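Same chain, two partners: chain A is paired with chain B first, then with chain C.
And then the complex of A and B:
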C-alpha cells in the first residue's frame, strides 16, 4: 500500500509541473497586463514610465526566466509575491484555503445527508410517489445553476423573509456560530447541486445491487430488511458512489469560485479569479498549483477508499 | 388718535397672525460651515431628499459600514490608481488641498480648500507655487512614524516619490521642490500647467510618511497618515476596519467612532446586505434596482449625481479609413437615436447627449441640445445620403469594442449595432475583458470603434488636462489618433490664456470644431445613484472625477454622522 501511495505521489510531480507550465504560458497569452491595470484610471503614462514600473515589479524579464525563478522558489516552498498586492502568495493561499475547505466539506456533508437516504429509499420503493418526487428533485438540482439559485435565495431571504445571513465572513475559530450562519446558505446551495448527481447514482447503484443473488439469499435467510439494505446492499453499492463523490468534489472547486464571489467569502476560488482578472501571474500560478495538488490528493483518497470498501481490491 | 372698534380688532388680528407666524418652529437651516456654505448648487435626489440640519444636530459616535465591490490591492498610492486603493486609504491620509464637500458644493468645478496646507500662493507667471503648511499636525502614533510632527520635508519626499510611478501625472510638470523651512514648500514648474493645483487637491495626491518607505521599501502593507481615521484591521477580501484618530488636528472630527468597508463583489449580495441593514450605502445606475429597494425601504435617500464622473461616447480610429472621412462620422452620428437610447437604457432618467471636455469644464453646466449642431440630429435618411457621398453607398463592415462597466454599456453597444445596421454599416460587437480593454483603449490599439470614456467634470483646470492631452496631435491620452493642426493651435492658446472669459471663448471654439467634425459621437449619458439609509447624514463628498466619492477617495467620511434615532424606525 505504502509503495502504491509513494508511486502515485511521485507520478504526480511531472503532472504538477506540466500544469504549472501550461498555466504560466496560457495566462501570458491573454492580452493586457498587470501594469496597465494598475494605472488604468490614468492612461497618460509614457512607454518609458510603464517600462520602469514593469522593471520594479520584475515582470520585464523574459518568460522562461520568470518561470524558472518561480519554479526554483516553489521547490523550496516559496511561491513568490503577488505582483499586484506584494503579499506572499503562500500566505494568501493558506489564509483562503480553510474557507474553501470548510465550504466544500459542509457542502459535501449536506449533499450526502440528503442524497444517500433519498437514493436508497427511491431504489427500495422504486416507481413509488416518493421515488418520482426524489427524481424530480434531482432533476431540479441538476438543471438549476448554482449562481441562479444563490441570487434567488438572497432575493427571497432579503425581500420576503426579512433575514439575510451575515454577509461578512468571520473565521470558524473566532465566532463559530456566526461562521456557520454565514456558510449555511452557500453550503446548502452547493450541497443541493451535488446531492442531485449523488442521489441518482445512489439510486441506480442500489437498484443494481438489490437485484443481485446475495441480496435475495440474505432476504431468504430471514435477515431484517434494514440489515439487507444497509449491510449487504449499500456497502456494495458504495464504490460507484465514492467515485462520483470524487468527481463531484473536483467540480465543487469550480462552483466555489462563483459561490464565494456571490456570498463574499474570502476563499481560494475568489483569490484565483481575482488573480486572473488582475493578470497577477504569480498569484494565479500558486493558486493553480495548489488546486491541482488538491485534485491529485483527492483522486488518491478516492482510489484508496476502494480497497477499504471492497476487500477484493488490492494495491501493489 | 382716534381708533375705532373695527380698526382695533383688525390691527389686533393682524398683529396676532404676525406674532403666531413669527413664533412657528422653522426648519433648521444648514450652518455656514466650510462644507455647508449657502452656495446654491442644488443636488438632485430621486427620492427622500434629506432634511436640513445644523451643527447642533450632529450626533457623535457609531459605526458606518459600506460595501466595496473589490479589495484594495495594497495601500501604496504611488503604485496603483485603483479606486479601491483610494477608497481604502482616503480616510487615513490627507493632502495639501481638498475640494469643498457637501450638498452645497458645486458638482462640476472643485472649489479648493486648505487641508494640510494652510494657504498657498501662485507666482504671476504661474510657474511657482508656494504652500504654507499647517503647524502642529501629527502623524498617527504607530511605528515607525510614532506620532512625529508633519513637516515640509514630508511633502517634498511624497511628491518626489511619485515621479516615474503610477502617479507621475501629478508631478510631471514639476521642475524642482524646495523646503525652505519646516512649514513652507516651494514647487517650481517646467511649464504652465493649469491642472496642477486641482490635481494636488485630488484624492490621488496623498501625503505619505518617509519612515515606512525607508523601512519596508514601499507603502503597500503599512498605512499611517495624518488623517481622521486609523486602520485597525484589514482582512483581505473581507473587510477593513478603521477607528477615529483621537489626535486628528480638527478636534471635532471625525464624527464616527468607526468606519468599516466590507468587500462584496456581487451586486445581488450588496442589495441583500443593504436591505438587511448590514451595509448602509449602495451605488447603482439601474432604476429598477432602486425601485425595488424603495418598495421595501421607502425612506431610503437616493442621491442622483448631478454630473457623473465619466461620460461615454463612440470613439473612432480617426487616422484610418473609413473614419478619416468626416462624412462617414457625421453619418454614424446621425444614425443614432439618442432620445430612444436614454429611454430604453436609462428609463429616460439619463441625458440624451453625453458630453466630453470641454463643455462642463468651461461652462459649469451640461450643454443644451442646440449646441450639438446639425450632425447630432437623428436622421437616418440624411445619414445614408452622407454615406453615399463618401463612397460607401453599399455600407461597410466594421468592429466595435467595449468593456461592460455596467449592463448599460452592453445595451448601448447593441443599440449602436442596430442603428448603424439600418444605414448599411455592419458592426461586429466585441465585449472585452478589462485587461484587454484598458490595453486596447488607452493605447489606441482598438481596430475601428470603441465605446470610449472621458471625464466631464473638474472645472477648466482639469478640463484642460482632459482636453489638451486627449485632443492634441501628440497628446499622451490621444488614443483616438486625432490630429488637426488648427485644433492644436487652439489647444495651445487655451493653455496659455489666463483670462477666464477668453479661455472660455477658446473652449467654445474647440467644442464647435469637435461637434462639427464629430471627432467622437456622443451617445446617451448614464445617471448614477447613491443610496443611503436615512440615518446616515451629510453623505455627499464631491462627485466629480478624481475627488471624494465613496470608492473614489472616501476622505469626506470624516464629516458623515449617524442619527441613531432614525435607525429603528
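And then the complex of A and C:
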C-alpha cells in the first residue's frame, strides 16, 4: 500500500510540472507585457524606469529562464509578490484557501446527503413517479447554472425572508454559527449542482449491482430488504460513486469562483477573479497552480480510497 | 454480426425509420427535447424576424416596464425590450457554443485518434497534456484565457474550445483503444491499408456515436461556460447581447423591483441547456449498448 502511494505521488510529479508550465504560459498570452499594462495605469514612465520595473519583475529574461526561476521559488513555497499590492502571493492564497475548503467540503457533504438516498430509492423503485421526479431534478441541477440559481435564490430570499448575504466574513473558529449562516446558502447551491451528477451515478451503479447474483442470494435467504440494499448492494456500488466525486472536484472548484464572487466570500476563487480582472499575472499564476494542485490531490485521495472501500482491490 | 443466441442480427433489425420510431416511442423525453433544441436553433437563425424590437435600441419602451401585451417579457433599465434581447442572446449562445464545439471536436478527435492509435510515447505525451488541462477547472482556464487574450468573439471561442478539448480527446482515445482490438482492423492492415486510411475509414466510424453524445453534452457545457464568462464581465461585451451578461450588473441591482430582469434570462439558459442535456441522454440511450435495455 505504502509503495503504491509513493508510486502514485511520484507519478503526479511530471503532471504537476506540466500544470505549472500551463499556469505559467496562460498568463503570458497577454498582448504586450504586464509592464506596458502598468504604464497604462500609472502614466508616463521614462525608458529607464520601465527597464527597472521589467528587471524587478524578471520579465526581461527569456521565457524558459523566467519559468525555471518561478518554479524553483514555487517548490520552496515562494510564489512571488502581487504586482499591484506587493503582498506575498503565497500568503494571500493561504489566507483564502480555508474559506474555499470549508465551502467545498460543506457542498460535498450536502450533495452526498441528498444524492445517495435519492439515488438508492430511484434505483430500487425504478420507473416509479419518485424515480422520474428524482431524475428530472437531477437534470435541472445539471442544466441550471450556479450563478443563475444563486441570483434567483438571492431574489427569493430577500423578497420573502428578508435575508441578504453578510458582507463581513467571520472564520469558523471565531463565530461558528455566524460562519455557517454565511456559508449555508452558497454551499446549498453548490451542493445541488454536485448532487445532480452524484445522484445519477448512484442510481446507475445501484441498478447495476441490484442485478447481481449475490443480491438475489441475499434476498432469497430471507434478509430484510433494507439490509440487502445497504449492506450488500450499496457497499459494492460505492466505487463509481467515489470516482464521480473525484471527477466533480474540478467542476466544484471552478464553480466556487463564481459563487464566492456573488456571495462576497474571501476564498481563493474570489482571489483568482480579482487577479484576473486586475491582470495581476503573478497572483494569477499562483492561484491557478494551487487550484490545479488541489484537483490533482483530491483525485489522488479518491484513487487511494478505492482500496479502503473495496477490499477486493489490493495495491501491489 | 451474430447475437448470443445465434440469430444473425440482420434478420431481426427493422428498417432505419422503424428503429427511429421505436426509440421515439420509448423515449418521449428525447423527442420533446429534440423538438425544443430544434426550436431554439430556429429562433437563433430567424431571430431578426421574430424579435419585435431592435435588441440594442435604448428606450424602445418605458423603463422597467412589467411584462405585458406590448412588451411580452418587460423592458430593462434602459427601456430595451427584454424579449428581443433574449432572442438576440439565443443567436450568440448557439453561435459561440456550436463553433467552439466544432473546433474542440476537430482538435480533440485528432489528439484522441493519435494517442489511441500509436500508444507508447505519442500517447504518453498527448495524454499527459490532456491530464494537465484536466487538472485546471475548465471555467478557470477559460476565464484566464479570455482575461489574457482580451475581449472578442474569437477569444471566447478559443477559451470555450480549450474548455471542451480534454473531454473529447479522452472519449475518442478510449473508443480507439477498444476499436483497435477488432479483427477487421487487423484485416485492413494486413491487406496493406495505410495508417491514415485505416484510421479514417475503419477507426473513425467507431468514434462517431460516442462523439455525438459527448458533443451534445459539451454543447450544453459550453453554453453554460459562455454564460458564466459573460456573467463575470469577461465574455460577450455590449452592444452584443448574451444571456449571462443580462444577469449581471444592473439587472442584479434592480432585481427586487424588476424580477423579470433575472427570471427570463435564467429561464432561457436553463431551458436551452436542459433540452440539450435531455437530448444527449436520449442519444446515449440509443447508442451506448452497455446502457441499452438497462433503463
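Note that in this section the second predicted complex is superposed on the first by the 279 of 316 C-alpha atoms of A that agree within 3 Å, B and C clash if a C-alpha of one lies under 4 Å from a C-alpha of the other, contacts with A are read in each partner's own complex, and residues count from 1 in each chain.
Throughout what follows, a residue touches a chain if its C-beta (ideal position, glycine included) is under 8 Å from a C-beta of that chain, and two chains touch if they have at least 3 such contacts.
Quantities reported herein were computed from a predicted structural model and do not represent experimental measurements.
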| item | value |
| --- | --- |
| Which superposed partner A:27 touches (first chain B, second chain C, both, neither) | second |
| First, second, both or neither for A:159, with chain B first and chain C second | both |
| Touching partner for A:261 - first (chain B), second (chain C), both, neither | both |
| Chain B versus chain C as contact partner of A:85, first or second or both or neither | first |
| Partner chain in contact with A:11 - chain B first, chain C second, else both or neither | neither |
| Which of chain B and chain C A:55 touches, first, second, both or neither | neither |
| Partner chain(s) touched by A:151 [first = chain B, second = chain C, both, neither] | both |
| Partner chain in contact with A:142 - chain B first, chain C second, else both or neither | second |
| Partner chain(s) touched by A:279 [first = chain B, second = chain C, both, neither] | both |
| Chain A positions touched by chain B in one structure and by chain C in the second | 30-31, 151, 154-155, 158-159, 261, 277, 279 |
| Residue ranges of chain A touching chain C (in the complex, touch as defined) | 14-15, 18-19, 21-23, 26-31, 139-140, 142-145, 147-148, 151-152, 154-155, 158-159, 204, 207-208, 250-251, 253-255, 257-258, 261, 272-273, 276-277, 279, 284, 288, 291-292, 295-296 |
| Sites on chain A touched by chain B in the complex | 30-33, 36-46, 49, 52-53, 84-87, 92, 95-96, 150-151, 154-155, 157-159, 162-164, 166-169, 261-264, 266, 270-271, 274, 277-279 |
| Contact set on chain C toward chain A in their complex | 128-129, 131-141, 143-145, 147-150, 220, 224, 227-228, 231-234, 244, 247, 252, 255-256, 259, 262-263, 265-266, 269-270, 273-274, 276-278, 281, 291, 294 |
| Of all residues in chain B, those that touch chain A in their complex | 70-71, 73-74, 79-83, 164-169, 218, 220-221, 235-239, 262-266, 268-269, 271-273, 275-276, 278, 292, 296, 433-440, 442-443, 469, 476-477, 479 |
